[in-house]
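Each of the next two complexes has chain A plus one more chain, namely chain B in the first and chain C in the second.
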Partner chain A sequence: MHRFSQKILPYILLLPMGLLMVALVYYPIAVTFSYSLREMKLTRPNDTAFVGFENYVSVLKSQDFWYSLQNTLFLLAAVVILTTLCGFFVAMILSKEHRLAGLFLAIAILPWAMPPIVNGIIWRFIFFPGYGFINKLLLMLGLIDTPVDWLSNRWLLLSVVAVVTAWRSAPFCAIVCLAGLKSIPKELYEAAKIDGSGSFHSFRYITLPLVFPFIGIGTTSASITAINIFDEIVALSGFSDVGKNVLIQNYLTTFSFLDFGKGSALTYIIMGLTAVLGVFYLRSLNREVEF
Partner chain B sequence: MKDRNDPQFHKRSKIGPGYVLASALFLTLTLGPFLWAFFISITPEYEMFTNTPNFLPKEPVLSNYTELLLGESQYSQRLFSGLFNSLKAVLVTLLCGIPIATITAYTLARLRFPGKAVFKYGLLITMVIPVFATIIPLFRIFSTHRLLDKTFWLSLVYVSSFLPMSTWLMSNYFATIPRELEEAARVDGCGTLGCFFRIILPNSYPILISAALIMFLSAWGQYQIPLILASSANTKPVSIVTSEFMTKDTIFYGITAAGGLIAILPPALAALFFRRYLVNGMMQGSTKG
Partner chain C sequence: MKKTALLSLAALAAMSLAACGGSETAETTTAAATTAAETEAAETEAEAETEAETEAEAAEAEGEALPDLSGVELTMMVPDWGNPGEELLARFEEETGCKVSVTEVSWDDIRDKVSIAAAGGQAAADIFEVDWSWVGEMNSAGWLAPIEMTEEDIADEPTLETFTIDGNILALPYANDYRIAYYNKDHFAQAGITEAPKTWDEVEAAMKAIKEAGICEYPYSMPMNADESATTSLTWLAWAKNGVVFNEDGTFNKDSVLDALTFENKMVTDGYVDPAMRTADGMTCYNKICSGETSFMVGPTKFVNFISNPEKTAEDVLGNVEAILLPGKDDVSDRTMPLPEAYGVSAFSENQEAAITFVKWLNSPEIEKELYLANGSIPNRNSVIEEMINDGTIKTPGAMLEQAKLIKSPFPNGVPDYYAEMTNAMYNNINQMVLGNQTPEEAFDAMDQKVKELLQ
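Here is the complex of A and B:
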């Protein structure tokens, strides 16, 4: 009897997690798939006929999908590049030990702790189309003659969204890179110095290769963040059509036009696209890990 | 006199003008947005966004803060109810989430049983599933069962989305606690649960704090999920309230900026005071140990 209870104990302990995940994650995901195969508009609640892959076809044929997919891909590239560069830059600053190091660390993680929507709101004041901070600055420096409309031109807006998102995701990358920098034995640098290696040489042949796997983790996490951008776009441009990415498109289809069938099909298409990244993410988390 | 052979000594002595410049750039870019929002919040509406060469307001005012914090205006009421709703959701999330994450992490890190890999990967894979995959049917299920606009159910959805990360954090940490400790306790007659409460829990408070902080920050920052599941006045969190100051109403930028700054005060304070735990949590979450 005792042996038996020892055997089922793990499953009992996992029960709360299992129930929660089945009820709020796995079951809904399955339901989303069944929605995606049906005609399902909340404006016509009684008509939920099975339509096969019609919703998928209609999503893939729509101009909006391809437009928003371009935006998502642009944001993905821009956010990943900016986050990695800034994150590594900040990590280099943080890796130096001095009296203010603790304060620097606290300041560095501040943006990461911000609610994304408030992040967008705060940056909107900076890129305000009229006389916001950036326009005032550029006017004062004589670089422009009239205020730039940052938030209604497609690529300008997307660039602003990328900057704002990178600002929020860089701290995580920085902390991860910092962990990498700190793991490098100091003797390596000293040995290189004795062998006559300059600081650039040490950076290129010791720091970069050894921190590289950590940068990889930061980059993967930045790409997950980039694909899931939602709040910043809403804060900077509302639900306007110009800067919408696939998630905004998904939200509009589902909850503004109340087309749950098409929205679900779009979700599954997005899931397929992110699955590729997901595998990378899990792999980067799972390096050398044994539960 | 410091030992010259100590690597710390050389490290400290190398702060040059390049480092100072880089630090100045880092501080400006990180703190600048907060400062600018603060300047906006103390600028009278008529001075805002006008073509003036000055960046600071000529006549700074605190009226936005007094109106939000002390006033009887609808802005003040909405902000406070938003703060209260966020706090409630955070508390329920922590009360449900931390125990479930702890017990799950312990089971996955320490016990051996058939099917463990399935549970482990089944949980981890959900980290990369887009929120819409679950929220679309949840919205319908919640609306048919009248669960929309209920803090408890909103918080459970939060828990389901934060659980993989916090379980991951904790089980990595639990795995570093020496097995000998547990084995010694077992010899002394401790059962599995006894070991958990007497050995594992007392030794892992740092990771519990990290996980709780990260859960608090994630729950406080939610916007998309409550927008769909809890957007009524009684449940909508402060993130939605602040964004509505900007989008729904005749826009008063000063109020929006002040409201935004008040809304980020709790996470900002947490980041300042508990930075060690947060940084440790971030590092644990990305790599093992």
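Here is the complex of A and C:
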């Protein structure tokens, strides 16, 4: 009896969560997949014929998809690089013993706690065409003669979006890296110092390898943030074609054009891309560290 | 160790019959007056009867008596400016027994919530916001319950045409909005122009004179950002200037639309429009008339109130801006475009009749007036606008009433159900044109191709 309860009890305890996962995750995933195989435009409610993978083909053939994918990949690269560099740099500063370290830590975390849409709106005022803060500052410093239209050029807009997003995601990366830095035993640095190692060598052969898995966590988080950018783009440039990423394209297709068939196909394509990225990161995280 | 990452995205009345005050009819008897006391009693009774009849007539004049809806609870999903307010809701509950719960949702989100619920055959709310631009798709999707209105109401509310498809009225407008022109008399006078512009050629000449005289750096204001306001701006311009936007088959009228695009582009290239307006939202653009940063614009009706409001308009601009009729090709235009917002009743609602009663009540002349006082919603009935102008409730109306009488929908077959895709193509190409990346011809061709694609 005891052995039986030992075998069964874990499953009983897992059951509520399992049911919730089925109802709220797996069922919608399955339904979305069935939508993606159908003609499912809500303005034609009587036309819901099975079309196989036609929606997928249509999405992959559309210029809008490839354009938005390019934007997504640019944002992914830019946000990951900016977040990692800024996050690690901030972590290095915060790791120094200081009386105001606690205060600095609290200030550094603030942007992370900000809702993305609020973040986007604040930055919109900063980059506002004509009389935004940045333009006023640059004009005052005499660096420009006429205001820069930050949000009308594709790559300029995407760069602004990347900066805005990195500003929000860097604190998390910094906190994770800080945890990594704090966990390195001081004895390692002392031993290295006795062996004649300088600051750079200690950083290169002790700090960096040991903090690498933590950077990996920060990078993974930044990647997910970068792929899921939505509010910042909407706040900065609305639903314009210029800065749209795959998520905006998905939103437009599904909810604006009410094409749930193509929208669901696009959802699955995005899900596939994200899954590939996830596997890649998880593999790199589990690498052995040598020092 | 190998792990598999799985990241998922899930997209995913009864009405009773008794009428207020009408269920109990006092029985009266007329007795022969044999004594003075009896005569007095009879006179009193006759007076009471006359009074009751007068009250009933007055109620009838105001509209149909409201039914008893005790026990019915309605849900309403609207943006903050569409909330009728606690007082009106309490009054409706008092008069009918029906409780209405309002959920304020951002304008964009309403459409998403309605579509997701409708995809599952559910009502997101019994009553919800219906923007003029949504009515085509909501009609095709079968999400709206038709509402019957009298011929008299239809004649008094020109904006109803926008919400009418195949003879069915699908929503009742609560916030009137039609395009009307505003000009700064002071700027024009300083440039030596004493009359309001009647044609678009006169507008262009005035802009040139004002800019060259250094009165205003950017005298013309028009939304051009890649959003809905750029689409509506092009549409009203072509509509007012040339009297046509779409052909009967739903395609663009090339001469008219290309002419409007060319005019808009010229305003930018000649430097009459602030370059920042190419990426600024519509309200930022319209507010320039109140701050004195522009001399002429065509904008929302509510600015009729703003131009006399010291909280909205700069001190040196107050009293200088006037609302005038839209210019046309050879004289003032004989039309304007309506952009109203309405309350629609969900086709999936279980309390459809009660919901229709409520929205009709909100649409009644008396309540329209109160809605204006409560949240500034411009009335849809011309009779109400006229009354409010005459009694001074609406200050500085300018050509507001005259313009309201010229409301006509630019869509010959009603707002199309592919409007969302069409407007997306329109505003992106307009924006590319004003940014200098496309010529008006290229912008037109891209828009035209998209519409033809959608029509197939």
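To be clear about the criterion, the second predicted complex is superposed on the first by the 268 of 291 C-alpha atoms of A that agree within 3 Å, B and C clash if a C-alpha of one lies under 4 Å from a C-alpha of the other, contacts with A are read in each partner's own complex, and residues count from 1 in each chain.
Definition applied: contacts are C-beta pairs under 8 Å (C-beta built on N, C-alpha and C of every residue); 3 or more make two chains touch, one makes a residue touch a chain.
Note that the coordinates shown come from a computational prediction; the quantities given were computed from them, not determined experimentally.
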item: Fit-or-clash call for chain B and chain C when the two complexes are aligned on chain A; value: clash
item: Residue contacts on chain A - larger count, chain B or chain C; value: B
item: Touched partner set for A:F260, first chain B, second chain C, both or neither; value: both
item: Partner chain(s) touched by A:L188 [first = chain B, second = chain C, both, neither]; value: neither
item: Partner chain(s) touched by A:S237 [first = chain B, second = chain C, both, neither]; value: second
item: First (chain B), second (chain C), both or neither touched by A:Y131; value: both
item: Contacts of A:V31 with chain B and chain C, given as first, second, both or neither; value: both
item: First, second, both or neither for A:S152, with chain B first and chain C second; value: second
item: Contacts of A:M271 with chain B and chain C, given as first, second, both or neither; value: both
item: Chain B versus chain C as contact partner of A:I81, first or second or both or neither; value: neither
item: First, second, both or neither for A:M140, with chain B first and chain C second; value: first
item: Segment of chain C intruding into chain B (one of 115-123, 259-267 or 331-339); value: 115-123
item: Intersection of the chain A residues that touch chain B with those that touch chain C; value: 24-25, 28-29, 31-32, 35, 128, 130-131, 224, 238, 250, 254-255, 260, 263-264, 267, 270-271, 274-275, 278, 281-282, 286
item: Complex contacts: residues of chain B adjacent to chain A; value: 7-8, 11-12, 14-15, 19, 22-23, 26-27, 29-34, 36-37, 40, 49-53, 55, 99-101, 103-104, 106-109, 111, 113, 116, 119-141, 156-157, 159-161, 163, 167-168, 171-172, 175, 192, 217, 220-224, 228, 239-240, 242-243, 246-247, 253, 256-257, 260, 263-264, 267-268, 270-272, 275, 278-279, 282-283, 286-288
item: List of chain A residues in touch with chain C within their complex; value: 24-25, 28-29, 31-32, 35, 42-45, 128-131, 147, 149, 151-152, 224, 237-242, 250, 252, 254-258, 260, 263-264, 267, 270-271, 274-275, 278-279, 281-283, 286
item: In the complex with chain B, residue positions of chain A that touch it; value: 6-7, 9-11, 13-14, 16-18, 20-21, 24-25, 27-29, 31-32, 35, 89-90, 92-93, 96-98, 102, 104-118, 121-126, 128, 130-133, 136, 139-140, 167, 172, 175-176, 179, 186, 190, 214, 217-218, 221, 224, 227-228, 230-231, 234-235, 238, 247, 250-251, 254-255, 260, 263-264, 266-268, 270-271, 274-275, 277-278, 281-282, 285-291
item: Residues of chain C defined as touching chain A within the complex; value: 1-12, 111-112, 115, 118-119, 137, 140-142, 225-227, 274-276, 278-281, 417-418, 420-421, 424, 427-428, 431, 435
